[in-house]
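Below are two complexes that have subunit A in common, paired first with subunit B and then with subunit C.
Up next, the complex of A and B:
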């Protein structure tokens, strides 16, 4: 199953870099979200009495970054199965003699890779627009981003496959995904990232365990459900 | 030996019965053409046979593999060609065939893929994006994709849709070749003349059931056309 999953992921990444359809949209969207936040917090930043720019921005970093990751990432997740369905290639994958959960794992791998690129771009955009310096805490912050993004992609890919056959799939995708990730991925990731940026990653053990546990639960759900999700 | 065995197959969408207790056997090496008007359940049947759709009740066995218990082995025994080529427009023909070869767990090297492309007359376009292909070329590429794992059974759902006269002839030639090689073929179409000219056995699917089934040698084209018209009237 894993060789086929890797083959699917390689194919997705190759076609994405050739066409740059989604990665470009996701990066531009993340830029727009960060710009919108920058203008929205203009007044707050002007009124702040903090000693340094980084200190005054610190409470904003994590929530803004994770909202950006989620909304920009949702663009990519939504189209991950929709493109295959609309171009008729999903049936071609389903005809392959393999456990069909390989399709799910392949999509998880490629989505994870592509959304990580968007995450990195968002971190850079934030640094530029808010003049924030990550120095010193970048490694633990990226560790949390890796774990949180993985959980987000694992459940997002499953929801994308569930909604692909629905008529209003864009709406259904968002309605199903946001409540699911809110308490299991988004809030723990925001807290853990904030603690990482404050240099207190060891205080984020509960959040990190929660993220790890939900990633495992969602992978198991994806593996068990996927065979039934796509069949008519 | 029966290569495709369909037993009491039923498919419902809500209350609507699409396939109604269908029973059908296709012998090894046979070429069955299944005709039927729009809405007769032809595409639904092909989707069930290829495990893309789940039947409401009944069962299907292909090459001895039960679709409920041995779905993976069943899929290894079939090659499917429909009006959709299942190919990636953004990849070249070589990349598409290499992708499917790896997906099927085959270790086809460049030479083997070139041979496959040559068989369908597309060797000269091997490194071109499939998106640049004409409809006929895409369909030939789809044939290469479908037979990449040398399946004993070919399922064809309206593969001639949108093809010009030349592409039509090439596809018919390829299918006749596969039939001569001993592959079992199930072709679904509503084109009576095409089906009669290429198939060995002819059947009509009306209201989700096989209503007429004969060998080609037993019925002349004109008689079959009349019979088919009558069956279509019966569906109305």
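Up next, the complex of A and C:
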């Protein structure tokens, strides 16, 4: 099953990089979100000087980053199945004699790859717009982002496959996904990222373990449920 | 589910009797509980807790109905899940509305975002509203299957949300899970009456909702037979 999943992921990434349509809009969207936050906090940061800005921005970093990842990522997750459906290629994928869950795992891998690019872009945009220096905490922070994004993609891909068949799928996708990830993915990720940035990644063991556990549970759910979603 | 029509009347009568009993026990029989800062507001407990119980019961039925529908493919499991979700959201709305009424009197604030129990109930409510949005108005086979999948995911997400709150912080009073017996036997009896009353009410509403589904289908069938839309 895994080789087939990897093939599907490669196909997705290849078609994406032929046009770069989606990745481009996701990166631009994340830029706009960060910019919106910068202006929203203008009043709060007005008085800060170059010396104090890092300290004042610190509590804002992980909430802003995760809201950006979440919304920009949703844009990508939404289209991963919608594109296939609109071009009629989903039926083609379903005709391939293999376990259907390979489609799911393939989509998870390609989405994970694309959203990671957006994550990295957002982190860079944040440091540019807020004049924030990640100094030495970048590695643990990226570890947390990697884990949190993986959980987000695993459940997001499953929900995307559900909402793609329904009317008004764009709105529906957000309505279905946000309550599910609020406590299970976003909250632990935000806490762990904050701790990582304060240089206390060892205090975030509970959150990291939870994120790992939820990713496993959501993978199991996706594996079990995906057949029912596609069944036609 | 093929019970005679008279059965509905029995359920409704039981619900009515027990609701009257609950009102009597809660408002007249039980003295004011002076352990609380707002003893009068504490009376809402006899409404709040049974309603909360029914909403959990209803969501549990959604989960069971969804799983059974996916397993067997029989339509009536799906209608049970959908009807139960509607009633569950209604009762969960009552929980969320009556909670702050008591909170405002006892805690002097309507809502505490840091309290796990409150926020999880809120998330639960959001998840099942999403379920209803997904179901929409249409009745296609496709929708039923997708909604069933989401019904299962949503139900599994709730305990996960519970775990994920790092500090298990809750000042919300405990009803069930206390070993020390913070609840007196008499209050427990009042509460039990309320739980029984609202469970009967839930059963009645569920049966009525299923009947409406059935009639809708019949109307649709008749329309098709005379060549309408």
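Here, the second predicted complex is superposed on the first by the 227 of 232 C-alpha atoms of A that agree within 3 Å, B and C clash if a C-alpha of one lies under 4 Å from a C-alpha of the other, contacts with A are read in each partner's own complex, and residues count from 1 in each chain.
Rule of thumb we're sticking to: a residue touches a chain if its C-beta (ideal position, glycine included) is under 8 Å from a C-beta of that chain, and two chains touch if they have at least 3 such contacts.
What you are looking at is a predicted structure, and each value in this text was computed from that prediction instead of being measured.
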Superposition-derived comparison: subunit B or subunit C, residues of subunit A touched: C
Partner chain(s) touched by A:210 [first = subunit B, second = subunit C, both, neither]: second
Partner chain(s) touched by A:91 [first = subunit B, second = subunit C, both, neither]: first
Contacts of A:166 with subunit B and subunit C, given as first, second, both or neither: second
Touching partner for A:14 - first (subunit B), second (subunit C), both, neither: first
Touched partner set for A:202, first subunit B, second subunit C, both or neither: neither
Partner chain in contact with A:99 - subunit B first, subunit C second, else both or neither: first
Partner chain in contact with A:229 - subunit B first, subunit C second, else both or neither: second
On subunit A, positions contacted by subunit B and by subunit C: 231
Contact set on subunit A toward subunit C in their complex: 155, 158-159, 162-163, 165-167, 172, 175-176, 178-180, 182-184, 187-188, 191, 206-207, 210, 214, 217, 221, 225, 228-229, 231
Partner subunit A, residues of subunit B touching it in the complex: 47, 50-54, 72-76, 78, 80, 82, 84-91, 95, 99-100, 102-105, 145, 149
Parts of subunit C lying in touch with subunit A, wherever the complex brings them together: 70, 119-120, 123, 126-127, 129-130, 133-134, 136, 138, 142-143, 145-146, 148-150, 152-154, 156-157, 160-161, 163-166
Subunit B partner contacts - residues on subunit A that touch it in the complex: 3-4, 7-8, 11, 14-15, 18-19, 87-89, 91-99, 231-232
